[in-house]
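A short write-up of the structure that comes next.
Per-chain residue numbering starts at 1, and chain names A, B, C and D are given in the order in which the chains are listed.
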Amino acid sequence: MRVLMIGDIVGRPGLSTLYHFLPRLKRSFQPDVVVANGENAADDGRGITRGIAREMFGAGVDCITLGNHAWDKREIFDFIDQEARMVRPANFPEGTPGQGYTVIPSPRGELAVVNLMGRSFLSTLDCPFREADAILRTLKGKPVLVDFHAETTSEKQALAWYLDGRVSAVIGTHTHVQTGDERILPQGTAYLSDVGMVGPYDSILGMEKESVVKRFVTQLPVRFEVSGGRTQFNAVLLDFHRTSGLAENIQRIRIDDDQPWFD
Amino acid sequence: MRVLMIGDIVGRPGLSTLYHFLPRLKRSFQPDVVVANGENAADDGRGITRGIAREMFGAGVDCITLGNHAWDKREIFDFIDQEARMVRPANFPEGTPGQGYTVIPSPRGELAVVNLMGRSFLSTLDCPFREADAILRTLKGKPVLVDFHAETTSEKQALAWYLDGRVSAVIGTHTHVQTGDERILPQGTAYLSDVGMVGPYDSILGMEKESVVKRFVTQLPVRFEVSGGRTQFNAVLLDFHRTSGLAENIQRIRIDDDQPWFD
Amino acid sequence: MRVLMIGDIVGRPGLSTLYHFLPRLKRSFQPDVVVANGENAADDGRGITRGIAREMFGAGVDCITLGNHAWDKREIFDFIDQEARMVRPANFPEGTPGQGYTVIPSPRGELAVVNLMGRSFLSTLDCPFREADAILRTLKGKPVLVDFHAETTSEKQALAWYLDGRVSAVIGTHTHVQTGDERILPQGTAYLSDVGMVGPYDSILGMEKESVVKRFVTQLPVRFEVSGGRTQFNAVLLDFHRTSGLAENIQRIRIDDDQPWFD
Amino acid sequence: MRVLMIGDIVGRPGLSTLYHFLPRLKRSFQPDVVVANGENAADDGRGITRGIAREMFGAGVDCITLGNHAWDKREIFDFIDQEARMVRPANFPEGTPGQGYTVIPSPRGELAVVNLMGRSFLSTLDCPFREADAILRTLKGKPVLVDFHAETTSEKQALAWYLDGRVSAVIGTHTHVQTGDERILPQGTAYLSDVGMVGPYDSILGMEKESVVKRFVTQLPVRFEVSGGRTQFNAVLLDFHRTSGLAENIQRIRIDDDQPWFD
């Protein structure tokens, strides 16, 4: 099974870039399942709306994962419980709207997608390690992609080693910067600390760079808006073994003016 | 001018890996200056000793940068003021032992090396942006390499954009994971969010993975030791223009069993 | 000189409570100067407006201090530079609008009021200790009241010991809970870790308790509004020596239904 | 039932002060149960040993609570499972050595003591709110004292409101500074944001003030040792209704040179 996992889509520039490259990448790589992190897909880069989720599904995304920005747009509470293809971090307390994992059908079988969130410098949630254990007990036998939305490399590596051999892949999101440490761990789990983002390239995590710099320099509140200008596309391509579900290949995809894509 | 910047060296495995690859890389790439982050070079991965600094210089490192672990070994206070080739984060308060920047001679001219530390989730230091401004006023005209030791991608990108065109390169350290976002910003500053580390490969940031996982899962205090086993080597190669000092090229170097090095 | 320092005023209930008790307290205690923290005085408990500042001055407050919420209402940038009786934390970067200290005239001489903000778990500002040193160099000889807006008791106690004998008083704000550790340090500086707040009593830091509890329990975003219901009034009364400016007396004032005030 | 709850005992000075005042307080106030937070009772102020726990029990403490320093002395793992009168924060993961609550017999019936730890700026533990719910289901009908070891006033107040009417008292620890906000909430739960500490008075949270100040000013690592000199004693006296277990009275006890104790 081949899975394309796409990093945090940021605002309208991120969506346009997604719509531009996804058909091309599908043609080239023929993924069975496309997963994208949508926590920044709303116009202002905070959260996601029903309309944008529909756009993303319509453009060929099979599953949307989220993160700390999951709830930024209030309307998510109106539709997340109806949307089987969307997951929010599973280690929110029991009773939280939405679901922490889902199973996506594909021509080559089902893929389970799990969303977890880190706690270091991020959120006071339930333990992502024990949550992963609990979810895996219900998912026996399926290939499993984990989107681990976390800040620190230590927590990301720790979860990957903890799950090595028990899931197909642990792919980090949240930092909006793609890391270059893709590998397959000894027991067969593919790992990448962060897959990166899709959206403005001359920006700071997708937001206007001038505003963010001003914030750091002045320490005053500054309104961040999604940046304009040229964009980037970050993703990772994963191949899972047909029967074991373990990873056979992991390949980063980075597309921008410095590393252009040629069909 | 060609500069090789090497990520955080972790413990004895990191040093051995450095000693193994540095001569080979020098032969292949002929860097004029070699800079390495030494904040984890001590045997237990915390700080650096005089003996180890000498070893590193002896092995061909021209300048050692540091970070939040700078002071972990007390003896550093005995020698840092005498060591012109070592820098600790410049945005410690005035009067802090050691220096925040230095100038390294090379066959192709001098290179200024500046060490700064981020404040997001890290340390309550002076503002690294204003500290950079102050240092640059004294360094007019020289090529400048900034080792920005910081946790978050937003602070790293912000400093890079802030200094774009004013320094030769902003290279991040501290996360111990190499990022894949190397680029030259529009005004000529080379940028990489994190150069990564040198040391144990099957580890968590260089430390024994079992201990770190146990810490996350149990939340109990666990003693972390430098891991054994096979190692990795992360660095970045930078070319600066002969007269302007601006970046002409940036190339990541990742060496491990998954991406081996062949001379 | 007698100074009445009043804790963070929260929203309209805080202002009403201030207007109710201030005349009575003035009659009873005859303070020469009244200082109040106004960082939560706006209707929604975030920041302060020009109109509300005027109200507070009109009601008998001589000086308004601020904190991390200083900038929550944008209009503050329009008037803070014209308002000599308002101070924002002094350890914001140079060039920040407003001023970090001011001198308030009174029948018994001038009182300098300094506002500083802590960095532990709060804000990445300049060092409050060194900022205090710098300000004190310009204030030689005057009695000085420091409003130290900070989260942790360790940073608050540290600043108080650091300034002992050099200022008249270090009074903490920000936690909205009055501490019971009032004392005069050995060299003559009055100290109270936190003076508390003025506003809703059956609340969490002044905000509706149901919302804040919901936030902690669900970890979902919840809009906090200023609570209704009965209120509390927290302040501290300070006496400074006529010539030395050192503290002679410190007395907490707590008024609520459990500890009512009788003229 | 009358309960004396004593704040964090810091080092040998804290223990000596405890041994001095506890007999006197028992004589004066005749508490049925004495609870003390022992997380800083070891000689260096970090953790607790078996010997010191025995000393404290021998001196008349009936129950020892802990906090973030619970595990600082390794030997605690050797005896905590055998010690029915000691509790560590209950919201550590299942399987953690020791227990999160216990039941203490007294002449006037049993008292349940629950230890919980906050997560804001402190520890990535399980949710203390849900943990409290779970424990209360097993404790139906008993008076319950909760030691909530937490940093922020918002989390402390939130837990108190959450448990109002369901437990006898929520008493905060950890900041080492006694707050002056004691009250009985509308449904009958006694509340104090922090009970304070027992130990060095001219100190910072019990540690040598010079070292802590140096740490804040220089940002360099500084070894903190328990301070010498005169001491303070902070506690709170609670009366719970004979049948309902709800609070009838709460009275702070602060003893130091500024507020001396006279039998």
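Here, contacts are C-beta pairs under 8 Å (C-beta built on N, C-alpha and C of every residue); 3 or more make two chains touch, one makes a residue touch a chain.
Predicted, not measured: the structure shown is a model, and the values here were computed from it.
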Interface residue overlap between copies subunit A and subunit D, same or different (over half shared): same
Subunit B and subunit C: spacing of chain centres that average the CA atoms, whole Å: 43
Distance between the centres, which are taken as Cα means, of subunit B and subunit A, whole angstrom: 29
Per-residue overlap in subunit D, given as positions that touch at least 2 other chains: 93, 124, 127, 130, 217
Overall pattern in which the protein chains touch one another (line/ring/star/complete/other): complete
Residues of subunit D that touch subunit B when the two form their complex: 71-72, 92-93, 95-96, 123-125, 217-221
Contact set on subunit A toward subunit B in their complex: 121, 127, 129-130, 151-155, 157-159, 161-162, 175-181, 183-184, 186, 193-194, 196, 202, 204-205, 209, 212-213, 215-217, 252, 254, 256, 258
Of all residues in subunit A, those that touch subunit D in their complex: 93, 119-120, 124, 126-127, 130
